[in-house]
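Here subunit A shows up in two complexes: once beside subunit B, once beside subunit C.
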Partner chain A sequence: MKHLTKTVLVASLCLAGFVGMIAASGKKVITIKGSDTMVILAQRWAEAYMAKHPDVSVQVTGGGSGVGLSALINGTTDIADASRPIKGSEIEKIKTRFNALSFETKAAKDGITLYLNETNPVSELSLSQIKAIYLGEVTNWKDVGGADAKIVLYGRENSSGTYVYFRDNVLGGKDYSSTMQSLPGTAAVVNAVAKDKVGIGYGGAAYAKGVKKVKVKKDANATAYEPTPETIKTGEYPITRYLYMYTRARPMGDVKDYIDWTLSDEGQAIVTQVGYFPVK
Partner chain B sequence: MKKEAILIATLLLPAALFAAQETDSSAAGNGAVSSSDSLKEQIENVKGSVDGLNESYLETKATVGALSKIKVSGYIQAQWNRGDTEGVVDASNKLVKDRFLIKRGRLKTVYDAGLSQYVLELDVTQDGVGIKDAYAMFKEPWLKSFSLTMGAQDRPFGYEVHYSSSQLESPERSKVIGTFFPKEKDIGAMLEFAQDDGPLSWLNAKVGVFNGQTNILNENDGYKDIIGRLGVNFAFPNAGFSISGGVSGYYGKVTNTDTTMYTKAVSKIDSSKWTTKSVLDTVTHAVTWTSVRRYDTTYAYSNKGASYEMDGTSYVRSIGVSGQQCDRQYYGADLQLTYATPVIGGTCLKGEVVAGKQPGTSSSSGYYAASNPSNSAVYNREALGYYAYFIQNIDPAFLQFVFKYDFYDPNTKVKASDFDTTATYKPNLGAADIAYQTFGIGLLWYVPWATNIRCMLFYEIPQNEKLTNPIASLAKYKKDLTDNLLTARIQVKF
Partner chain C sequence: MATQTDLIPRRLLQTKPRLRPLEFVAEKMLALVAFVSIFFIILILIFVFRESLPLVIGTASDDIGKVSIKRIFDAAWMPVSNHPQYGLLALIIGSLKVTLVSMCFAFPVAILAALFTSTFAPKWAKELMKPAIEILAGFPSVVIGFFALTVLASVFQNVFHLHYRLNAFTGGIALSLAVIPIIYTVAEDSINVLPKSMKEASFALGATKWETSLFVLLPAATPGVFAAFLLGLGRAFGETMIVLMATGNAALISPDIFEPVRTMSATIGAEMAEVVFGDAHYNMLFFIGVCLFVFSFSLNAVAELVVRQRLMKRFRGSV
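On to the complex of A and B.
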């Protein structure tokens, strides 16, 4: 009996110590997972926010929009970054598990940019040409005004929101050509196109360094536009999308403070610095 | 002379140097051509290797791409039950106080090719390996909204039937659902309209033709059952509110397979036989004899099969009905309300009501699925059941609090007093006609560091109709049976 009492006492002290350690660490943690397109932006936001709020730790990880939304459904992240809108089936899963319906915050705007190697003479493409290229119907640059060389396709993996958005909105929901090389991030796509004279890739505007941005036109007779703050804002650039932050329910507490800050002038200024476009 | 020699040498030196240079450059030129050829050859070799690698990559990619279409998932529900004296039964159907069991051990394989799906789901428990889902589905490629599914699948009725057992907030489905739709699944073909995202994503319509058995029984008659549901779902995510629901119908029949011989008393004049009859003249008092046809007061012969219908509060038997079709018809409505309650977490209120004609047997209000031939008569009952859940999330703690009310009356034509032996109609009512209500209270915990694990603690309090003065075989229903049940379950999903 004496031995049992001692054991219980020691166990209680250990438990109290453990709880105390957690309490003593005292730092509020906000976890963010999801879109690779948004990783740079989310990291810049996190750095700036933590500099202003030393008591808050913002942990950012990528993996793709699908990965972030799965984490939101599983309860392993506070915020899911996504470069595509949440799907009805994903809302249903959140509803089943949490009796909530997710809450959407439009955090920034992006023009999905088509990257070409800097030596590629092609400077503009229509949406139908882009579609034909990525469906594998056009396989030579000469068919779209370039040199006589085969086209090498680079794209994202299917967990990427950009992959889904591009497929649904540019390819009309059809599957990518089987010859497309799927790369694990937008940076990898840009890097591949920068080295490949006959390559083409797509991704967020903020990543377009060391490659040529193609002007895009809605149809053969329309004016071609480059993704700029003006053309994105006016909607003239044809492949414009929002970048989102999703929470399981209306954000509260530290998460709400953080999201409100990203939408403030200071937060939106970082959007512009990174290369995306503010929502306001 | 010396000067002349120096002059000649000076003039000849550039020429000699030039000649030497020519020779060197010629030699070098030959070398460059040779090394250029070699380089070209090397580049060709490297290009060949890269092309080979590229080909190999595309082959590997195609293989991996095909494999990525195969998804394997599943879950195990291991649990411990402790019941009152009449709450838990063992494998030999004997009452025991408690038991461990594998309630469900599911392994699901899906081959998802976008517009088509192959699904096979097995259930492995201490009772063996059973089949759950086994179906093929394909979508039309234009609107991607209509799909056809054929095989063993959920019946398209109501809400709880197709709500996954891994998500169910109580240990089992409600009594009416479990009774009307045993195994939840049936074999048939179903057409569905559903849009994941689109202008009609709020609408869902399903209709199917099924055997009318379950996913593990063969069809036993030539008749098919038609089942359908029309559902709507309106979500207002930024308001944190959603409302969904639907109406369902089940139109089917069962075949009476009873081949028991029954006798029936009838009156009949046998025209082929004559007898004599004496007639007394009341005036002369003379007696005369006359020949008349014999009149039999009773004549018994055999009838195959029986069925019972309620007449008032008692069953009336019809015989000679083997092979007769009996209606199995249900209709139902379901409603789900969800609100993302601030601070504590989401709240859900959901319920369903199902009523209809249920052909069963004397001992069970489950649908009539007797083998052919059998010695089970059909008991036609009108049944009603409903349930309601209240679920409250307590989000920071990863908890869900659940309250459930479940009601099932297998025979709406009778009430407890109709079982009384002193009632006007002497009934042949049995245990299968007694109504139940069940109160359930539970706590679900999603383990924060392993979100694929869910722990459940659930306590159920079933209450049967209390009979006042029943026949001896129903005497135990004079009071509420001691059949409360505690379930402690761990579920791991992958």
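On to the complex of A and C.
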């Protein structure tokens, strides 16, 4: 009996201590969920912000733009990161569930880079050539100025914002060729192209390591531009997009402080470090 | 002269069993656990069927309009599109191709390995090989997939001069790494439980080791080997992570095993995270789940019926 009393006492003390610890930590929590393209950026932002504001905890999860916006609709995240603009149907759902107009913040700019194997002699492509390649109309590198070899297409899974953006803005809304191999994540695409002499892939500029970045021109007679901070900022590089942060309503309190900070010079400096481009 | 009953302590002969509360509780707990697991399986079943139901009763819809079950005969699998298509043919072909490649490779290798360890191998080799192969069964499939994606794919491309780095062949071989241990373990056990007299009789008639294992032991173990085959087939068909990483995931309709494929399980794995709840695409993924379930359920049913009822009787003379 004595033994039992002792056990109960110790257990309750532990419990009390645990509850006390949670209460004492009392941190303000901001949850961010969404785009895999933005996950590195969001983590760097979170680390830097938490270092400056020890009373705030920023929790970042990836999953894809659609996942983040679904979470925003379901009320399980404060901020949704997205590499594509929010859809009308998603705005509608937020409206009916929370009676709020969703709020969009353009957080950074990204140039979608076309990756080629480093041994590929092709170095520039026009938008219409890229379109023809990904629609499966051009299937041999010699048709776009390369060696006589069949083209192998790599792309992202259809859960990715990049997949949707590239389809709507480069392919004119038409469907990818069914021979495109969809890989989980931009890093996997880069890895595949780095190992495949006849491969082509697309994704964020920040991931292009060990592959050749294609210079892109608007049409056959235009100058070709490499995706660099300058050309993306000026819009000379033709395939650029914004990276967004969405909230259910106009941000307030801690969330507002955080979003304002990401748009400050300090926040935008991190954007450049990670390999994306500032909005201003 | 002592009768049989005299040898048994009187305590055990008491007709009324003593009430043992602990035993009673333990027994009921075990029964409860068993029923809870059945209960959960039924719940999962109901859930999967319910989520695919809108397709069957015709209430499913996407951004364009209503989607009926007939759409599974569309020409392609292109669910995220301005004109979505939900054709399952490419996915079914993909699953079949990868499963075929992996079984063609895994089944002979596993059966021969089982014969080797049960008949030919010296004791030390057997003690080394059996656990080693069984550890492979517990290998995380994502690790096998990663290995296939980075190493195996490049090796095969260079050796066989393949046009596509990631294809059904590479995925199938990687998959067989996960399937071999399952077939091996079950087949090895079924060869080992054969009566020793069988082997000895065969040797006594002058058969060599090789003849004994191939024409005596293997046929006698047929029910077990068949069960091993079905278990391996089920694993190969349902495995997700390895094929998701190593097959390229392009939904092509072609008989060529050196082209990329998208399997049914990998499609669920890749797309479920993103899909809008309640959308036709969501229902369709659950419908694929139902197909996978029906397949594995019929495999198990065949294993149960054929192996238990027919083969066992034929080969052993009893159930």
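Rule of thumb we're sticking to: the second predicted complex is superposed on the first by the 255 of 280 C-alpha atoms of A that agree within 3 Å, B and C clash if a C-alpha of one lies under 4 Å from a C-alpha of the other, contacts with A are read in each partner's own complex, and residues count from 1 in each chain.
Just so it is clear, contacts are C-beta pairs under 8 Å (C-beta built on N, C-alpha and C of every residue); 3 or more make two chains touch, one makes a residue touch a chain.
Remember, predicted model here, so these are calculated numbers, not experimental data.
J.: Quick one: subunit B and subunit C on subunit A, clash or fit?
T.: clash
J.: Mind working out whether A:95 is in touch with subunit B, subunit C, both or neither, as first, second, both or neither?
T.: In the superposition, A:95 contacts subunit B only.
J.: Between subunit B (first) and subunit C (second), which does A:79 come into contact with in this model arrangement: first, second, both, or neither?
T.: So A:79 meets neither subunit B nor subunit C here.
J.: Touch test for A:163: subunit B only (first), subunit C only (second), both, or neither?
T.: Touch partner of A:163: subunit C, not subunit B.
J.: Check whether A:40 is in contact with subunit B, with subunit C, with both or with neither, and answer first, second, both or neither.
T.: Neither partner.
J.: In the overlay, answer first, second, both or neither for which of subunit B and subunit C A:173 touches.
T.: A:173 contacts both subunit B and subunit C.
J.: Who contacts more of subunit A, subunit B or subunit C?
T.: C
J.: Could you say whether A:184 touches subunit B, subunit C, both of them, or neither, answering first, second, both or neither?
T.: Only subunit C is touched by A:184; subunit B is not.
J.: Taking the stated contact definition, name every residue in subunit A that is touched by subunit B in one complex and by subunit C in the other, in rising order.
T.: Residues 89, 173, 175, 178-179, which sit in both footprints.
J.: So in the complex, the part of subunit C that touches subunit A is made up of which residues?
T.: 63, 76, 78-83, 90, 149-150, 153-154, 163-166, 244-245, 248-252, 259-260, 262, 270-271, 273-277
J.: Which subunit B residues qualify as touching subunit A in the complex?
T.: On the subunit B side, the touching residues are 58, 61-62, 65, 114, 144, 167, 195-197, 201, 235-238, 240-242, 338-340, 342-343, 345-348, 391-393, 395, 398, 446, 448, 451-452.
J.: Please output the residues of subunit A touching subunit C within their complex, sorted ascending.
T.: 63-64, 66-67, 70, 89, 150, 152, 157-160, 163-164, 167, 173-176, 178-184, 188, 191-192, 195-196, 198-199
J.: For subunit A, which residues are in contact with subunit B within the complex?
T.: Those in contact with subunit B are residues 74-76, 85, 87-89, 91, 95-104, 173, 175, 178-179, 248-250, 252.
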